[in-house]
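Input: a single structure, listed below in structure tokens.
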Amino acid sequence: MRPSSYADQVYGHVLQDILKGVFPPGSRLPSESDLSDRFGVSRPVIRDALARLRLDGLVEARRGSGTYVLTTPSRSLPDLADLTDISRFLRYQELRFCVEGNAAALAAERRTDKALGDIIEAHEQFSSQVARGLFLPESDRRFHLSIAEATGNEFFSMALEGPNVSLSSFMNVSLSLTRSGSPARARKVICEHADIVEAIRNKDPIWARVAMESHILQARRRMTNGDLDP
Amino acid sequence: MRPSSYADQVYGHVLQDILKGVFPPGSRLPSESDLSDRFGVSRPVIRDALARLRLDGLVEARRGSGTYVLTTPSRSLPDLADLTDISRFLRYQELRFCVEGNAAALAAERRTDKALGDIIEAHEQFSSQVARGLFLPESDRRFHLSIAEATGNEFFSMALEGPNVSLSSFMNVSLSLTRSGSPARARKVICEHADIVEAIRNKDPIWARVAMESHILQARRRMTNGDLDP
Amino acid sequence: MRPSSYADQVYGHVLQDILKGVFPPGSRLPSESDLSDRFGVSRPVIRDALARLRLDGLVEARRGSGTYVLTTPSRSLPDLADLTDISRFLRYQELRFCVEGNAAALAAERRTDKALGDIIEAHEQFSSQVARGLFLPESDRRFHLSIAEATGNEFFSMALEGPNVSLSSFMNVSLSLTRSGSPARARKVICEHADIVEAIRNKDPIWARVAMESHILQARRRMTNGDLDP
Amino acid sequence: MRPSSYADQVYGHVLQDILKGVFPPGSRLPSESDLSDRFGVSRPVIRDALARLRLDGLVEARRGSGTYVLTTPSRSLPDLADLTDISRFLRYQELRFCVEGNAAALAAERRTDKALGDIIEAHEQFSSQVARGLFLPESDRRFHLSIAEATGNEFFSMALEGPNVSLSSFMNVSLSLTRSGSPARARKVICEHADIVEAIRNKDPIWARVAMESHILQARRRMTNGDLDP
């Protein structure tokens, strides 16, 4: 087992305890050494897991006082995914943030009319499916890959998917959250896609980058912030 | 008169003609040499004005065919501002994009509890005013300056305002648009502010930067895209 | 054959003609339609190839006048690589720019002492080999991957290499150029690596990103700008 | 007195003690509460000063152990500037990083031939003066402002200078360091400028941004890292 997968497991267990209300918002987590005893792993592993929880906005370190729970993540999470997978999902979003943000900017600069047509078609298919209550990871994936392909640089789509990684497996998790959420949440996702399309249509690389980066960060936030649930 | 102010005037006149429907969406603008005759300025000035209209997403160049109108800007614009000022407003937004995007990231990293308190207070004051139908440039300015000040670097707020430039004079234009718009539009502005506050509270510099950049680009878009009007 | 590989071939042929002096610096390239006849491909393919040559700083478009040769690339290129591969190399650098720039920033934020030790060891091995005249792609690859791994996010190294892509095959081309160049050129490469190491050691994510981005752009430039040869 | 100027003073005093060898590289600084007693200021002020020293790469925090000196800054510093000004200089560089990095990218996109001519002229004047041993802040300032002006957006140069701030007063400090340094150091500054010029000439906004950001970070480093002295 890779060392970092211990941290993923600790992350998953602490997340589960936050979800169950064992650690409600405002409460203090046990100390590093208590957590180390509890999970039977070394303190650097605990520290790594806590660092990720902080980065995901779930907990906050207060100087000289400890680590406090900030927020309760989406309550639908445990039904959707093995909790030890959440940390892996969030690490993948970190890669997508830079690869897709850059791809959107390059697509805005270089897109041919044909490539724009493919993006619009993928956007309309996904939107009309969502309007009918269908959330298909494959359609979301097609939208994102059509943008990567509009760069004219095949390495961008290759960077997003590999032998054991596909966009659609990760999209499955976030689309399940969207499906289980309110219609307002689904509309917000479609609006975020529409912004990206408009920026690429207008050939505005700066806006295209920001619109894509914002969309990917919001997907993370819909997962880690249960307040956004209906 | 500075050379670039000729381009500002041409920009303003073409914008006015687009607003009046002289050049409706989908129509082709006169050629560079026709515009040059019409406005009595040299072709480089015309080219500069057209470049800005393209950058603002109002027109599009089609290879070997000319420049076409893409969209009609907000119809409330001519009541709000001297049209030759719009280009100046948009240039100022370009500076804000980089200065405030960076300031938000640094604020997220370094903000003290006191500085966060000031940001939240400014945010709540502005929100509650807007809820009562009040759109005060000075309150919007206070929100943005409280973020610049949370960097602990006085040069950020100094870069935003100078002897003849103040945030609030520019905010007056965009707030008037918001006021004349639908309640949904006002709610969207408040949500964008709330995102920035949440990112700075969570000490997430990457999200804080993207949230601020996105807010500033949306302000530009509310001005140049009349489809967003109610 | 994928459409974009036609453009790669045109790129390679024009590059070869620039290298051979058929098109010396300052000369004008044939028109799009002449190139289209010459290579028997459609004009959009020609346009794509010219766009890449412009982006690589080899040629420049002058409004209403045509495309002019700016610079002669490194004369060692044709011995090093199939010329139709150069465009592929440059597209891969475009991906590395965003993935490795971001990885360097995250490595600076999160690196453990162990991860820093691995980076320093890889840096010292590569430097001492270069000092002895050895330019091993595998050592250069190890340096870059040690930084991707210091992010604690396995997706960064996965994005750089895939089933048919490895860093070392691309590094082979640029290291051959370095080997065939002056000792000053080799020292410059080592200094660029040392800057990246110093930034990660100092935990300065902003500097780490810029140092890595700068290194990757300079590698591109060493390939496309023959003036840098001894 | 503004609260942050206490931190500037503490920063200056600790810097002076590092320069004098009171705290040599590798030694541990006194604890926060000892420093608080020593300088008669509160612990948040001490923390702020230490945070800046860390950010400038002069000291390093080791978990559970304290703050250690990493490097000795340039020994010429105390002759050049009031030490309490150093922190102010470094804060100004932080603003320049984002404003000038963005300006360089926009200049590469939009520069007219006339604007490029102004940049090249300023570059050549500064280079030939430096070759003759002359380091004039006004010439360095002219180079940087010619780039800000090539954006066609007057707000960029306005952001860099204000009623009480001018580029040349800050440049005076860094040029004095360059003058007191080796000829190799002066050549490095000129090479950094030449890279920026080449990127703007080639109309490459990505390279122009990175070249400018790199130049500004290296100026900071020449000040805080005495190892770079001859």
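As written, the chains take the letters A, B, C and D, and residue 1 is the first residue of each chain.
Throughout what follows, a residue touches a chain if its C-beta (ideal position, glycine included) is under 8 Å from a C-beta of that chain, and two chains touch if they have at least 3 such contacts.
Computed from a predicted model, the values in this text were never measured in an experiment.
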{"item": "Relative to chain B, chain with the most remote C-alpha centre", "value": "C"}
{"item": "Centroid distance [mean C-alpha coordinates] between chain B and chain A, Å", "value": "29"}
{"item": "Geometric centre distance via CA averages, chain C-chain A, whole Å", "value": "31"}
{"item": "Distance between chain centroids, defined by C-alpha means - chain A, chain D (Å)", "value": "37"}
{"item": "Touching two or more other chains - residue numbers and ranges from chain C", "value": "97"}
{"item": "Topology of the chain contact graph, where touching chains are joined (line, ring, star, complete, other)", "value": "ring"}
{"item": "Inter-chain touch pairs (all)", "value": "A-B, A-C, B-D, C-D"}
{"item": "Chain C - residues contacting chain A, complex", "value": "2, 4, 44, 48, 51, 91-92, 94-95, 97-99, 101-102, 106, 110, 112, 152-156, 158-160, 162-163, 165"}
{"item": "Residues on chain A engaged by chain B in the complex (per definition of touch)", "value": "54-55, 57, 60, 70, 97, 198, 202-204, 206-207, 210-211, 213-214, 217, 221"}
